[in-house]
Amino acid sequence: MTTANQLARAIERACHKVLEQRDTLNTLDAALGDGDSGLTAEKGAQALLEYLHQTPPENDLGQWLDGAGKVYSRAAPSTMGALVGVALRSAGQQAIGVTTLTMPLLAKMLLEADQSIQQRGRAKPGDKTIIDALHPAATAFAAAIERGETPSVAQHELLEAARQGRDHARTLRSQVGRAGWIGERTEGLLDPGTVLFVTMLEGVLEKPATIGSNHA
Amino acid sequence: MTTANQLARAIERACHKVLEQRDTLNTLDAALGDGDSGLTAEKGAQALLEYLHQTPPENDLGQWLDGAGKVYSRAAPSTMGALVGVALRSAGQQAIGVTTLTMPLLAKMLLEADQSIQQRGRAKPGDKTIIDALHPAATAFAAAIERGETPSVAQHELLEAARQGRDHARTLRSQVGRAGWIGERTEGLLDPGTVLFVTMLEGVLEKPATIGSNHA
Amino acid sequence: MKKIMNRPEAFAKEVLEGIYLAHPRWLEPVDNDPFCVVSANAPIEQKVAIITGGGSGHLPVFLGYVGQGMLDGCAAGDVFQSPTSEQIMAVTRRVHAGRGVLYLYGNYGGDIMNFDMAAETAADEGIQIRTVLVQDDVASAPNERAQRRRGVAGMVFAFKLAGASAELGGDLEEVTRVAQKTLENTRTMGVGLAPCTLPAAGQPTFTLEDNEMELGIGIHGERGVRRGQIEPADQIAEALLQTLLADLPIKAKARVAVMVNGLGATPLEELYILYRRVHALLGEHQIEVHRALVGEYATSLEMAGASLTLLLLDDELTRLLDHPAQTPFFTVTT
Amino acid sequence: MKKIMNRPEAFAKEVLEGIYLAHPRWLEPVDNDPFCVVSANAPIEQKVAIITGGGSGHLPVFLGYVGQGMLDGCAAGDVFQSPTSEQIMAVTRRVHAGRGVLYLYGNYGGDIMNFDMAAETAADEGIQIRTVLVQDDVASAPNERAQRRRGVAGMVFAFKLAGASAELGGDLEEVTRVAQKTLENTRTMGVGLAPCTLPAAGQPTFTLEDNEMELGIGIHGERGVRRGQIEPADQIAEALLQTLLADLPIKAKARVAVMVNGLGATPLEELYILYRRVHALLGEHQIEVHRALVGEYATSLEMAGASLTLLLLDDELTRLLDHPAQTPFFTVTT
C-alpha cells in the first residue's frame, strides 16, 4: 500500500533521478531525434517537484495525479511530455477518491497508463518508443500481483521487464516520431523514451534512507 | 614624340605592370577602403589590353584615348575606374586629330587629366587620393618641359614627383571616398590610388627591350 | 553561438512581445499569454476558423500567416517545441465563430498529441474540429509512406488556399477538403548548408564540414538523404526539382506555383540563383509557373540553406491562390 | 565560403536573371542588359521618374523598390560595385516621361562619379536631372560633417516618400524636396556580428572574434565606431537608439517610423527582440511609433547583424509614408 506521503516521496525520487539524467537523455535524443529529451524531461520534473511542493497529495490521490499530468504536459510540451502527462492523468482516473494505493490498483493504473499512451501516440509495441519499456513492465507487474507475489518480488519483476524492454527496443528500428524519419539508422541506438521510463521507475523503487520507506 | 605604336606599347606596359600589382593594391585598399582596388584595376587593365588588341591606335590618338577612357570606366566601375576613365578621355580631348604626341602636348594632357579628376571627384590635393600623386607629377613635368629639359630629364622628374607625392600622401588623413569614413585611422597608410598611378607611370616609362622603344 | 538576444530562456517570449508591439493592428494575445496568437479581428462572423501551431524559431511560420484571408490564430510553442493543449484550446475558443475550426499544422509527434487533446476538449465544448496534417517533405519518407512525412514550407500554400476557401464562405467540410487537396498537390525538399543553434542549448543542432551540404535535411536539422560536397546552384536546383517532379502526380503542360524558401541565414541573392535554374528546368518540362515566391517563408533560426516547394495547380487551386490575402508578413494582391 | 551559386563571376548576373524570371509582370531589363532594371510599365506618362543604383548584394536594395508608387528604374552594378554611367543613362532614357528624373542613391564615390557623368549626358539630351544623395549612417561621420555620411537602409524611406510624391503628381522640384526632407529626418546605425564574403573574392570582408560585435559597421564591412564583446539585445537596442535620437532634430511627443533591418543572415526572431526594446524605449521618450518595419530591407549578402533606422514624421511625411506602394519585394497597403 502506498500512502499520500509515500507517493509524494516516490515522485520526488523519480524527478531527481530524471534531473540527473538530463544530459544523457539529450545525447541519446541527439542521435535519433532532436536532442531535447533531457531538456523537456527536466522541465517536466521541475514542474512536478513544484506541484508537489505547492499542492502535496492528500485525500484524493487520483485527483492529485490528474493534476500532476496536467502540470507535466503544460511544462514539457514535447511528444514525451504530452505522453507522460496523459499517462499520469489516465492512471489518476483509476484512483479518483482513493487515499491509499493498493498493489492491484497500482497494477491497474500502470496498465491504463500503457493503454492511454498507445492510444494517444498512435504507436504500438515494437515501434521503438517508451511503450517498449512500459508495456512489458505493466504486464509483468500485473501478472506477478495476479499470481500473488509479494510487493517486493512484483516490483523486481516490474523493473526487470522495463530494463529488458529498453534493451530489446535498442535493436529495433524507430517507426514513429522524429526518429521514424531515419528509421534504419536507429538500429542499435537506445530510445530516449525507454531510458526515461526506466529512470523514473528506478527513482520510484529506490529504497531511500528516510523513515517510512520500508513498507512501500 | 610618341607615335601610335609607341603609345600602344606604353599602355601595354602600364597594364601589365598593374596586373602584377593586383594583390598589393587589394591589400592596401583592404586597410582603408573595401579591398577591391586591385580587382577593379585588373578589370580596367584587361579591358584596355583587349581594346588595344581589337582597335589599335592609328591616325587619331585623341579619339583613341577617348575610346580607351570609355572602355576603362565601363569595365572597372569603381571610384578609381570612373576617374581613370575620365582622365583618359579628357587627356584624349586635347589630342583630337593628332597622330603623334609631342612633349608639350603630353604635358598639357597630363595637366588636363589632373584637372578632370579633381573636378569629377570633388577632391583636391591633400585629400589623400590619386590626386596627391598625379597633381605634383603633372605640374613637375610641365615645368620641366617649359624649362626646356630633355624628354628623359622631364620624364625622370615626372616619376620622381609622383613617387614623392605618393609617399607624402601616406602621412595624410583620407578626406574622401570610403577611406574618409575612418579618416584618422588612415594616417601612415599608403593610398591605393597613388600607388596605382605610380605603377602605371612606371610601366609607361620603363625602357622595354623591344625595337622602337628608345626614342620615346 | 552569436545571437542578438537577452536571456536564452526568454527568447521565444521576447520575439512574440516584439511582434505584438510592431503589429498591434493585426495580432493580439489571448488572455495575456503571448504564445496564444490571434488575429485582432477574430472571431470573424460566419467564417470557419483556421488555427495552426508549432514551435517558435521558424518565422514567418507559424503566426506570420495569421491575418486577412489566411489563418485566424496560432498556438506557438517555445523554440522548436509544441504548444500545450491548453494554449491550443485558448486560441480555439477565441477564434471560433460557430462554424467550426480547422487545425492545420505539421506532422510532428508533440504537436499531434497536443492538438488531438485540444480537439477532444473542443468537442466536449461543442466546437466542431477537423484536423489536416501537413506532410510535404519528400525527403522524410518514401511516397508509399507519405503519411509519415514531415511538414515543412509547403504548409504556407495550405494556409493560403484553405484561408481563401474559408474567407469565400466555405463550410468546415469544404475548407478541410481544400486543405487536403492543396497538400495532395504540394511537395517540398530542402538542402542545408549550416546548422542553427537553439538559444537555450548553445550547441548547433548538427554539424557540416566547410565544404559540405546535406540534401533533404529537416527544419530542425533532422538528417536528410544525402550528405556530400557542396554542389553548384544549378545542380542543387536540378536535384531538388527532379525529386519533387517524380513524386507529384504531374502531367506535361501542367501549371505550378513555386516557392524557393530560405532557411534563415541564406541571402535572397542565392535564392534567386536557385530560382533561375528551377524556372528554366520547368520550362524544359513544359510546366508553366503561375506564381513564384522567393524569400523566407519557413525558416529555422539561422540555419543556412533553402527549400523548394511545388504546388501543382488546377483552376480551383489557382483561383484560391490568387485570392487576396494580407498579414504583416505576407501579402497577395490581385 | 559556402554559397548557393554557380560561377562566382556570374553571381550578380544570375541573381538578376532569376529576378526577371520570378517577376515578369513587374520588372524588365533595358536592351537585354540585366543590370539595367526598369519597371515593366515605365515610362509612366506625366510622372517624374525616380532612379536609384548601386552595387549588387544588398537585396532588396536597390532594384527591389522598383514598382508601383516607388522607383521607376535601377542601374545595378556587380557585387558591391557601381553601375557604369552608360547603364545609368540607358535606364534614364527608358523611364523618362518628359517631366525629369530624380537620381536618388547612396553616398559612395564610384556611384557619384557614374551618376554625375550620366546626369551630364542626360542634360545634353535635354533630360532634366536632380540628384539627392542618401547619407543616413550616423556612424560614418559626425553630425557636423553629415554630407560625408554613407547611405544605408534609410534610403528605403526616401524611395517610399519620394515615390509617393511622384505618384501624386509632384513635379521634379517637389519630388526632390520630398526626398531631401525625408533624408533630413532619417538616421540609421548598424551593428555587425559576422562578415560576408564577396563571391569573387572568397575571403570575408572583415573578421570578428566569436564573442565580438562591431557597432556602427558599414554595409560593405567598413569599420564602425566601437568593437567589443557581444552585448545583450536590449543594450544593443539602447546604444543604437540613443545615438539616433541624439542626432535627430527630435522633440518630445514626436511621431516616428522605425525600421529594424536584418543584414542578411540574422533571423527575423532576433530583429523582433531588438524591436521590442526599441519600442519600449521610444515609449519612455513619449515618441509614438506610427509604423514599424521589421525584416530585411537592405542587406550585405550573408552578413550577420542589424541596423536601426528612425524617420521623424510630420503630417506631410506621414501621409506620403502611408500612400500605397507595391513591388515584388515591398508592399504598403492602406
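Things worth noting here:
By letter and in written order, the chains are A, B, C and D; residue numbering begins at 1 in each of them.
As a convention for this text, a contact is a pair of C-beta atoms (placed from the backbone, for glycine too) under 8 Å apart; a residue touches a chain by one contact, two chains touch by 3 or more.
Note that the coordinates shown come from a computational prediction; the quantities given were computed from them, not determined experimentally.
Where contacts are defined as at the top, ignoring chain D yields the following touching groups: A, C | B. Centroid analysis (C-alpha atoms only) places A farthest from chain D.
The mean-CA centres of chain A and chain D are about 57 angstrom from one another, to the nearest whole unit. Each chain gets one centre point, the mean of its Cα atoms, and the points for chain A and chain B are 81 Å apart. Measuring from the averaged C-alpha position of chain C to that of chain D gives a distance of 29 Å. The residues of chain C never reach two or more other chains; the list is empty.
Arrangement of the chains shown, judged by which pairs touch: a linear chain-to-chain path with two open ends. Interface note: chains touch in the pairs A-C, B-D, C-D.
Residues 34-36, 39-40, 70, 73-74, 77-83, 86, 120-122, 176-178, 180-182, 185 of chain A are the ones touching chain C in the complex.
Of all the residues in chain C, the ones that touch chain A in their complex are 77-78, 80-86, 108-110, 112-114, 116-117, 140-141, 148, 150, 198, 200-201, 205, 218, 220-223.
For chain C in complex with chain D, the residues that touch the partner chain are 2-6, 11, 14-19, 21-23, 56-57, 59-60, 191, 193-194, 196, 210-211, 213, 230, 232-234, 236, 264-276, 279-280, 289, 292, 294, 296, 299, 301-302, 304-306, 326, 331, 333.
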